[in-house]
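The first chain written gets the first letter, and so on, giving A, B, C and D; residue counts start at 1 in each chain.
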Amino acid sequence: MHYSADEIMTVSAARMLRNGAVCFVGIGLPSKAANLARLTHAPELVLIYESGPIGAKPSVLPLSIGDGELCTTADTTVSTAEIFTFWLQGGKIDVGFLGAAQIDRFANINTTVIGDYDRPTVRLPGAGGAPEIAGSAGEVFIVLRQTQKTFVERLDFVTSVGHGEGGDYRKRIGLLGGGPAAVITDLGILRPHPTSKELTLTNIHPGVAIDQVRAMTGWSLSFSSSLEITPAPTTEELAVLRDLEQRTATAHGAAPV
Amino acid sequence: MARILPLADAVSELVQDGDQVACEGFTHLIPFAAGHEIIRQERKNLTLVRMTPDLIYDQMIGMGVANKLLFSWGGNPGVGSLHRLRDAIERQWPTNLAVEELSHAGMVQAYMAGAAGLPFGTMRGFTGTDLPKVNARIKSITCPFTGENLAAIPAIRPDVAVIHAQKADRTGNVLIWGIIGVQKEAALASKRVIVTVEEIVDRLEPPPNACVLPSWVVSAVCLAPGGAYPSYAQGYYDRDNRFYQLWDKISRSREQFLHWMKVNVLAASGPVNFREKFSNMERVA
Amino acid sequence: MARILPLADAVSELVQDGDQVACEGFTHLIPFAAGHEIIRQERKNLTLVRMTPDLIYDQMIGMGVANKLLFSWGGNPGVGSLHRLRDAIERQWPTNLAVEELSHAGMVQAYMAGAAGLPFGTMRGFTGTDLPKVNARIKSITCPFTGENLAAIPAIRPDVAVIHAQKADRTGNVLIWGIIGVQKEAALASKRVIVTVEEIVDRLEPPPNACVLPSWVVSAVCLAPGGAYPSYAQGYYDRDNRFYQLWDKISRSREQFLHWMKVNVLAASGPVNFREKFSNMERVA
Amino acid sequence: MHYSADEIMTVSAARMLRNGAVCFVGIGLPSKAANLARLTHAPELVLIYESGPIGAKPSVLPLSIGDGELCTTADTTVSTAEIFTFWLQGGKIDVGFLGAAQIDRFANINTTVIGDYDRPTVRLPGAGGAPEIAGSAGEVFIVLRQTQKTFVERLDFVTSVGHGEGGDYRKRIGLLGGGPAAVITDLGILRPHPTSKELTLTNIHPGVAIDQVRAMTGWSLSFSSSLEITPAPTTEELAVLRDLEQRTATAHGAAPV
């Protein structure tokens, strides 16, 4: 079955989520992947959105982080204050699922500005929930499209910490969460090296050339010696994903980005 | 005790030039009608506080009511940029907007500290990020028991909180349900509180442990059905996701934005049911 | 995910000698059935944590399960003293009970900090009182923005929280309503959580924004109808104020107390519906 | 109409509460007085109990601080954590209404121990909500029976601060609330002197002799130069109070202390 680069990215990201995990979901690509996981192999995945819903089970993808269906399908909805204090900071989250505008070799994330902070070329939306999700979740998955503009040698601004300067940086500065465990892109999957924590390509999607990944990475990319080809999306995965996108488009007028 | 007032009177009396104003509502119950009234009354030099500026602050900033913004995520949710916010930051139009930013968790701490009568809130956060380099609101504090370093955020105590709720009773008790965001914290942190509501009823009849603001912490309750549109009011109407997508087009150019605001907001003689007007808006856009 | 277990099994597995145990419930939903099971299983050297020890801790302390108590108000509400608690403190019977005390606001901060993953909570409190002289849990901290001095209280992170709730569904999600006290904070602060419930239902159907503990933060759900008696379960049965008055008499002498416990708690082979047994209790007393 | 010393104490305490005030109510005598006020001259008095009910309107007196009727008649019921953080510490309370086991000349309160803390003669219940009510409420009323044992020269333990060492003590140590404005007893009413803050007898109940008040005070008591006789309870006040107590006794088996 034919599939797009975005589809294998979403499917690969969804596969990262084990059934029963408690997942704090960022809006956009992470929300799409998390809901695909819930609708396929992980029916008991617990989705928590920063607006307050705990255990949301939306039938269409939310356009915003606080669509009404998140609340009506949730086990309960608490205040945004409680979500961040008792649930995220309180250590109840297994997996934080984030997007990013820029990422560096240690999976640090910029979602604040391109250019100088005081006179930015592009003002991005900012931090949102990401810094504390990146800090406190048990582990973090990041999903974004891989380009020279997004995979950069040096971030213009560190909004959320991945593995900092690498090695035991997180432990050294006192972060309790485990940090990024994988970065899933439209070209492959990168994982931090066990000791240096530098992102290493461990999976490449079918039909993608290594040179293509290298060209889309703003630093000299390391490859795993046991680099694997990502299994193609199954017919069921694609069917569920497309059905979800179709329902969403019908509901919103267009699929969320 | 809250007074039941027309929205124009409440804004006229309770929102002054130079005030720090927090219009809250996390995606849900965003107080558009009240924001539009602030625009119509041409307030100036407001410090706008809000976790997610959303379209309402994009409109208020574009119309020049603010000279400062305190926020944590400034995009059009699921769509992209807030073009008027970006224009203000990137090109100082219509004015040079000072910006102070936190994360969501940081804003939450600031509101909670304000509501709790504390000068600051304590959190795990910002360690290793560049945010403390650009925001003096983020300091560190040492636990007197463990020696751990934590982040400290000063309380926010707005002059006015502006929120939208599902309903109030005739004495001004307010019920909010669904995604309740930080409205209670923002209201309790503020000196004055304006609440617009979908309806005013004889009896509130909240479920047990509901999010209720008693009348005596509310300054004014204003009837504004549809007042959260194009955001939503659970139990009344859905979020108009199409409008959020449409706004991306309306707001890209200064001229189109100004025209749209003139026709749809300024030309209204007072609070209008914006939601009912939407078919008209689509034509204009 | 919570397991649905018989109460005796849950206590046997999840409450160990020497544990710090927080049985919470502010007047409402006090977990008497679970407390009695801990007594029957003869746990020793527990550190008991609870804002208002109430009759349940009077009974547990009198039966010698605890060597330490952390609390904020230790009376029989509306009646007078807790005689077993006083006997333990004033005359070290049945054991020398170490006591650490805060105010209610201080206990609240300690639980909130525990639930929030912070090492301490910050509050306005204790200034000018003698409490910091007798409790090293109360320290001071300086606001990095204003220079104000505030009180700092270390987090409580119990080994086990024990609470009673109105109902759970078959997957172990728990609904608590009415006077919800600090149960959510205590549960989220604890390593393990035992919840006894009035009933287990197919669908929880909580009202919007209800106090729900999702199954995955609960270790065990145990069916124990009447399990809060002589406290109460809103929607099921009222507080038995007469029993609280009666307890004043039962508990005045060590002998009468021990006899009553033997007949009414120890002699039960397992969890009993204590409430239904009450007519019998009146005769015994 | 004949009335008891306890009845004029309760009626006098109730009269302190202005209609519409927001009152944080301690259990026992304060709760009785506050509910009497609500049922007579102050129908819009807002009663807040530390267990969580805001705007409680009980038809009988609660025996405990968390009886079910407090919740079912309230405007809403929040968590105990929220009551103490957002409502009391947050400065929303006009009047704190407390009882006491011992009180000194500056209206400091002991509810912790009689005797030595580590080896007490009598272990009292402890602090409860009182220290922060005394610290944060706009003003504080204290109601207790006046005896040599309760009105003492020196407290065995300072559980809750009144006016400390007198004068501007509260301001000096940074307390935000105004502190005790009146102490209502079965003999009269004492108010802090405007500058020294020492408790001064400003009202004496009808039929009580000054020497009697002096004999029941463990320090050399000051009298106001304009000492007034408390107006006797009205027929209506007594009728409402007795009706409330009767309803309460029927509900509980006995009136709360």
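Throughout what follows, a contact is a pair of C-beta atoms (placed from the backbone, for glycine too) under 8 Å apart; a residue touches a chain by one contact, two chains touch by 3 or more.
The structure presented is a predicted model; accordingly, all values stated were derived computationally and were not measured.
Farthest from chain D in terms of Cα centroid separation is A.
Interface comparison, B-D versus A-B: the pair with the greater number of contacting C-beta pairs is A-B.
The distance from the centre of chain A to the centre of chain C, each centre being the mean of the chain's C-alpha atoms, comes to 41 Å.
Here the spacing of chain C and chain D, counted between their Cα centres, is 28 Å.
Chain contacts: chain D has residues 71, 77-78, 85, 89, 136, 176 touching two or more partner chains. Residue positions of chain C touching 2 or more other chains, listed in rising order: 112, 117-118, 123-124, 148, 178, 180, 184-185, 208-211, 234. Chain contacts here follow an irregular pattern that is not a line, a ring, a star or a complete set. Here the chains touching each other pair up as A-B, A-C, B-C, B-D, C-D. The part of chain D that touches chain B in the complex is made up of residues 20, 22, 44, 46, 54-55, 71, 75-78, 85-86, 89-92, 136, 176. For chain B in complex with chain D, the residues that touch the partner chain are 1, 112, 115-118, 173, 184-185, 188, 204, 206, 208-212, 214, 216-217.
Residue ranges on chain A touching chain B, taken from their complex, read 27-28, 50-53, 62-68, 70-72, 77-81, 84-85, 88-89, 112, 117, 119-132, 135-136, 157-161, 164, 169-170, 173-176, 251-254, 256-257. Chain C contributes residues 26-28, 51-52, 71-75, 77-82, 85-86, 89-90, 101-106, 108, 111-112, 123-131, 134, 148-149, 178-182, 184-185, 211, 232, 234, 238-239, 241-242, 244-245 to its touches with chain D in the complex. Against chain C, the residues of chain B that register as touching in their complex are 117-124, 139-141, 143-146, 148, 150, 152, 154, 177-178, 180, 207-211, 234.
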